[in-house]
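Just below is one structure, and these are the notes that go with it.
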Amino acid sequence: MRVEILLFASLRDELGGTCAVEVPESRPGEATVGALREAFLAACPAAARLGKRILVAVNERFAGDADPVRPGDTVAFLPPVAGG
Amino acid sequence: MRVEILLFASLRDELGGTCAVEVPESRPGEATVGALREAFLAACPAAARLGKRILVAVNERFAGDADPVRPGDTVAFLPPVAGG
Amino acid sequence: MARVTRSPLDPAVFLSEARRDGDGGLTLFVGVVRDNADGRKVEAMEYEAYEPMAEKEMERIETDLATRFPAVRLVMRHRIGRLAVGEVAVVVAASAPHREEAFAACRAGIEEIKARVPVWKREWGPDGSVWVDPLQPRPKHESC
Amino acid sequence: MARVTRSPLDPAVFLSEARRDGDGGLTLFVGVVRDNADGRKVEAMEYEAYEPMAEKEMERIETDLATRFPAVRLVMRHRIGRLAVGEVAVVVAASAPHREEAFAACRAGIEEIKARVPVWKREWGPDGSVWVDPLQPRPKHESC
């Protein structure tokens, strides 16, 4: 399935505000966050510097690698946060 | 020797703003804070409720029972502090 | 008021907002932009947020801390945009009957914000700008 | 300005006074009069100080804490006189490059004030007034 990803801060500077990634489904209509992260890093080598430190948000909530991504979900890839 | 004592808060309400106490000298022209405290408690039974919890200041600094009091020192007897 | 905002933050407002008549201890943390980082001169910090998620994450922190510190009323704000040295980036106000709880909740509030809220900052200095990486070794000077 | 004063205290002023351009973390403690104590209704608190000694003791605390927390700038004030519910009795502002030191120094500041500064308070309620004894068992409600 194809997933559109929102990007922020240094990732957005390097790759633009969004990017679309093709990810294998773990079951029909569903992929895992982990698979999406792998597909993203393969498609965008510029992001490799952050690797596993990239945080993933699904529907505006942090998600772990085992969590599902489904069509219609809002997905964002975030550099390590640095507020305050 | 005779020592004038400043009093504050509940002690002042009960005994007035100052009281004078006669205290035995530990050596000529000098008494200890401990002896002064005892003489004060003997002269002012109303203060017994605070007893050893009364704090003593000599020249605007906390003093211990072994510290000396000399003529001309500013002596204050203070209930336990309760600022903030 | 939004918890993540482009408007200047006035810390005193949030203290008043947090206080209830049964409270005796109020604690405030204010994170401001400082003029240096790792020995580099800093002229401004540019804060960016994933705004809708940052709002929700601030709300979720408030909910979590209300459970951990039931006696405390917490008000938290994060500013975004370009801030000059001395400008307020983040405010955590905690009000409680007693000071121990106010201190603990205030400290927990800023730690949670720094750990969880999707906000980033770009440091501007004489040589241009760089995104701040919180894990970058910053020997003596971590951010606020 | 005197450290012990009859004038109202505006906490924001002391935050600004403490901050230097190299500071990123500011912490403030504000002790206010609350509306109850041990289940009794409180209408006002009347603060009294042994003024010249209280001034000096506040200065001595600042000197001690400057040694313990060399990176921190501390500003402390205590108000005296009759204060209504919600009025500010004590302010401790701490400003430092990093938040850890600001929190630690701010907390130490209020603890030292409560332990050492010759200030007393008389609690006023519907049934008259009573001097607050800090060692009196106050099961759930200690002062600020």
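Note that the chains take the letters A, B, C and D in the order they are written out, and that residue 1 is the start of every chain.
In this section, a contact is a pair of C-beta atoms (placed from the backbone, for glycine too) under 8 Å apart; a residue touches a chain by one contact, two chains touch by 3 or more.
Being a predicted model, the structure only gives us computed values, none of them experimental.
In this assembly, the chain whose C-alpha centre lies farthest from subunit D is A. Distance between chain centres (mean CA atoms), subunit A to subunit C: 26 Å. In this assembly, the C-alpha centroid of subunit B lies 49 Å from the C-alpha centroid of subunit C.
Subunit A and subunit B have CA centres that are 73 Å apart. Among all residues of subunit A, none touch two or more other chains.
In subunit C, the residues that touch at least two other chains are 31, 110, 143-144.
Chain pairs that touch, as defined above: A-C, B-D, C-D. Subunit C contributes residues 31, 47-50, 52-54, 56, 78, 89-90, 110, 113-122, 131-135, 143-144 to its touches with subunit A in the complex. Touching subunit C in their complex are the following residues of subunit A: 6, 8-10, 13, 53, 55, 57, 60-62, 76, 78-84. Within the complex, the subunit D residues that touch subunit C are 10-12, 15, 19, 21-36, 85-86, 97-99, 102-103, 106-107, 110, 141-144.
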